[in-house]
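Structures incoming, each one as structure tokens.
In what follows, chain A forms one complex with chain B and a second complex with chain C.
Our next item is the complex of A and B:
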């Protein structure tokens, strides 16, 4: 396992350098540059032009700039943004990261949970009404044009029904006289979710040692509900619950839209592998053992069909870092997806390269995590 | 009587029509007894066991019949039970050693845990450590090292998986075990050892057993009674000595003479010409009639009844083979 891991890490480092190089040269190959709008301006004197060029580093040849970039990349410095001058790219990314991560991790989780549940159910009842309805609905939403779906949802829930906010991630009126920043709250929400995950994993490990099935179930429910109640009461006691609630309320519509749009992907993967697994002999054995239908479906069939879905899930988690350009634009969510679009339209090359590189790192890490998870999920896989 | 099957009929619905896989099966089974069902591939052997346990695929249609099973509180018709009641009888009443035992173990769970799951499903009050003791006993019984119960199926060899599957079938002390070609995938030496062990365990625990195989040599080794199945029906059922010495159905006769014997005088090997009928559209009269040298007008038009000609000897034939008679099969 350790040998495999170290081999993979070396691979990832090599891949990352190739990736950064390609990204850098691709951006360099784009026509025009950020400075053009100043350099073409007849009101600017030649001296200022030269100064600007030097300031942004455009006086040096491309190769030198590439080597500079690589040198800085080694110490995790992604340079200075042009459009947000003199803000550093890393600080822009870290400012927007929590919002994007919180929104997209939530929607990926919801969408996969949805896809998993529906996929296994429709495979179990293949050809029945539930199968046909879920598959049809899933494919309809899967093929729909995402901006259209977003606009429709905003119109329906925000305008006609008026139950959800239209856009943005906070309600400005509510936050006018608040001493803490929304950023701070986002980080706390993330921390809360992280604690929840840790509790869940610990419970899973502890429950393996328990003797009877009932004891396992009780421990699971009690601890999970307990954690939820404790964290909600901490939020209420700290007096920030309404603000957290405000953020969550703003998230509902984007999460709902993304889930509708993408659950079919995971559902069809799950349904497909599940249909293969159902034909296996051990499923008949499980039924013959007199196990209830639900146990056969969840414990024996779905567990074996989980592997491909898990890979997709972990890799999409890697991609959540990049946010969603369309979703964030439609819902005016100031995350990394919006940063992409801004950087692209402004020709802010350092920011754009920085964002791409940052996403790349996380996707590579996600692949590694998927490999490790494989060994946990399937005892036949050992590295 | 522990298990009595009466006029069992189950057909598979296909686009071409109904496949009459199980078409009027009758037999009785007592504790400690073992019944072997032998027949060609596709004659409905496995379908019988699946019908008894009600583990049928979606396209199967149960037509008629009853399966009376006695767990010690009077016979219950399994056919009439609802799904949750039926679950009580599965594994605890009737358990099964599946065809292709290689794939009968779930690859992602430890072998021991899969057996414990069966025990705890039927006896929820049994704690894990008690169940583990039971699994260890079962492993000893089938000749496996109990320390291997925490390994995964892929760490087992074929023969070991087979033994583990047998141990699993014994987990809830069932009254009846249905063994469906449990040794087909193994080489003859392992096969022989496992057959002997199954037989020994069955006698020791006084269980009833239904043994299904296409291999008459295997069946002869483990069964007290043998049923010869042809095209969804029993052609003949008798104790294992009678069926070898005095076969009455021409099909049984053909089968018995289709094997070379190392003892006794030299005889010609018999091959039965033709192919088994398509179960979508079986012959109107006796299903064996198109291949039978003794068949006449009656056989072609009227189905022979399945009757008890001697005590414990059932046969479905209009013109049973008399003792000493030689039946000649010709290529058509």
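Our next item is the complex of A and C:
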């Protein structure tokens, strides 16, 4: 395993350098440059433009710039953004990262959980109404034009029903007089979610040692409910619960929209794998033993069908870092996806390369994690 | 106990009666550091927030855009001292910074001299260069606490009055130590751009309260704003007067302030705070306006037809439309044959029926433009250029006949000569032969594609069709905007004809920038390569003019020359349509060049609706 891991890490590093090189030269191949916007201002003479060129490093040959970039890249310096000059690319990424991670990880989790549940149920009742309705609905939402779905949801829930905020990630009227920033709160919410995950994993490990199902259940529910109550209490006592709630309230509509849009992917993967699994002999045996349908479906079939879905999920988590241009734009949730769009439209090469590299690193890591997870989930797999 | 109660009541009153207006932005400003904003990061969105924070010695009046004193007490006195021209400016004595410091000549002198030093020694770029041109500006000098002398190599309305004298003034006490510290670093400009300016004292009416990145910016009105209560009166006879009963400041100019008034405005601010909310797409901002979350949408492109139609049906939402200070045009590469032949350019211009294009093809969503100074810039626009434009007021048949005659006049021939009867082309021209006997193969018209600007893309196709009908082999090539910019400005004039657009300032010195022969180098703004000694001479006189009436007269002549020589064929522009909630805010006026967002939403004049 260790040998496999070290081999994969070396592969990832090589791949990353190839990837950065391709991205750099692709950006160079685009017509025009960031400085072209100054061509629209007749007050900026060619001499001043030359000065600006020097400031942004455009006076050097492209090969020199490439080598300079790679040298900085080796020490994890992604350079200075042009459009946010002279802000560092890393500071822009880390400013937007919490917003993106919080929204997209939540929606990925919800979407996969929803897809997993519906997928296993529709496969179990193949050809029945529930199977036809979920498959049809999933496909409809999967093929819908996302901006249209977003506008429709905003209109329905924000304007007509008035039960959810229309846009943005906070309500300015609520946040006007607070001393902390939304960024602080996003980081704390992420920390809270991380603690929750650790608690959940710890309980799962401990519960394996318990002998009865009831004991396992009690430990699981009590611990999770306890963690939730403690978290909420801390938020209330800190006086920031209302602000955290405001962010969560603003997140409902984008998460709902993204879930509607993407749950079909995970649902169909789960359904197809389940359909294969339920034809296996051990499922027939389990049924023949007189086990309840629910137990056969959830414990015997669904667990074995989980592997491809899990791989998809882990790789999707890697991609959540890149955010979503459409979702972030439609819901005025400025994250990394929006930063991509801005960098591309302004030809802000350092920012765009920085974003692509950052996403690339996470996707490559996600692939590695998926490989490890395979071995963990399926004991038959050996590296 | 009573005191506590009184304070409590005051706090409650502030919350209950505080008037806040919410405005929608479609993009977030980048930095409120003025060095950065006027340096490499000039965006219109930053400008909307910076506008109410800054002040210069002179400014424009509302609506009419008269050049009037702001921090200055009077118009400048100009005299020649040796080889230099000196503008003496008396400063107002009733102005204070937001930290309570008195505004003085030290601030003015430090700002002007420092900007020049940073431009010359460190390459400070961007829009600072619009204010301080080291080829003209020499230095600023303090005479006493409220008088400065500003030295120029030559007198120039463009470089002095509408340049340096309008630049934002920074507080010396705050900035001097910061700039000196920055100059000791390895990269002074980056250090200056990076300074956090949340505590910067300002002269403008609105102080930054909170910037929640990605969500909103809130600014609070200053209670000690120097101009509060000031009455600006524009008279129909052209005179302007400013009276501030609070401080006793009075000024009048441009004639006797008497007779009928065109406009009277009392400066506020009338609202306690403004919240600029960030919406990242137009649909979201429009929904927020409909929902009453915001009162006004900032959008330099204005509302599209569908959006305006949607908002027209909403109660308490009012739509306003204003002409813009810009134009979209076609430029000939006069270094190349046959674009260097005047009659050829005139023939193309004659074929372009602007009225037909704007009213019929573009469905009334655009208006025709004829000259290089937009018609909306009333003071500087020469109305005669319309009549000088070839084919003006003619039918389509007559336009074609005129174009054919012009080409024949210049010695062009055809293999198959076009024939026009009435408005119809009964025989399409083919094989255009130049006066030197050379066959003209193909002329490329570069224009932005439909994704970038469907209007220009459509018009380019019409120009191609009309030109081909009389045998001019124009081929419209709809390409990416960046590619046009690259071929026109980066490569050595690698184009025949291109189509782009300009947004302009009030003072029309762009006429000299775009067409003076000394600006015809690679990457400079005379992309046409226009070279007319008579024009150059007049343009030099225009740039050196220190009298506004003389400058206007020269500007009119320049426009007339260009309307006949046609290095550019100016075609059209679109009005800017804006929307606001009448149940939430009241603007003091609605008709203004380029719309209310061009004056940053008139923040010191807007009132909350009762």
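For this structure, a couple of remarks:
Criterion: the second predicted complex is superposed on the first by the 378 of 383 C-alpha atoms of A that agree within 3 Å, B and C clash if a C-alpha of one lies under 4 Å from a C-alpha of the other, contacts with A are read in each partner's own complex, and residues count from 1 in each chain.
Convention: a contact is a pair of C-beta atoms (placed from the backbone, for glycine too) under 8 Å apart; a residue touches a chain by one contact, two chains touch by 3 or more.
Values in this document were obtained by computation on a predicted structure and should not be read as measured data.
On the superposed chain A, the two partners chain B and chain C both fit, without a clash.
Once the two complexes are overlaid on the shared chain, A:274 sits clear of chain B and of chain C alike. After overlaying the two complexes on the shared chain, residue contacts for A:353 are found with neither chain B nor chain C. Of the two partner chains placed around the shared chain by superposition, chain B is the only one that A:284 touches, whereas chain C remains out of contact.
Of the two partner chains placed by superposition, only chain C is touched by A:83; chain B is not. Chain A has more of its residues touched by C than by the other of chain B and chain C. Legend: residue contacts after superposition of the two complexes on their common chain; A:296 is shown touching neither chain B nor chain C. Judged by the touch definition given at the top, the superposed model places A:93 against neither chain B nor chain C. In the superposition on chain A, contact of A:264 is made with neither chain B nor chain C.
By the document's definition of touching, of the two partners only chain C reaches A:52; chain B does not. Working from the superposition on chain A, the chain A vertex angle toward chain B and chain C, CA centres, sits at 150° in steps of 10. By the document's definition of touching, neither partner reaches A:370: not chain B, not chain C.
With the two structures overlaid on their shared chain A, chain B and chain C come no closer than 47 Å at the level of C-alpha atoms.
Those residues of chain A that touch chain B in the shared complex are 127, 211-214, 280-282, 284-293, 295, 300, 303-304, 377-380. Chain B contributes residues 53, 55, 58, 83-84, 87-92, 95-96, 98-100, 103-108, 117-118, 120-122, 124, 127-129, 152, 154, 168 to its touches with chain A in the complex.
Contact residues on chain A toward chain C in their complex (touch as defined above): 30-32, 36, 38-46, 48-49, 51-52, 54-56, 80, 82-87, 95-96, 99, 151, 154-155, 158-159, 166-170, 172-173, 175-176, 181-183, 328-334, 338, 347.
By the touch criterion given at the top, residues 22, 28, 30-31, 36, 40-42, 123-127, 129-130, 187, 189-190, 193-194, 209-210, 212-216, 218, 275, 277-281, 283-284, 287-288, 290-291, 293, 480-483, 485-486, 489-490, 502-503, 510, 513-514, 521-525 of chain C touch chain A in their complex.
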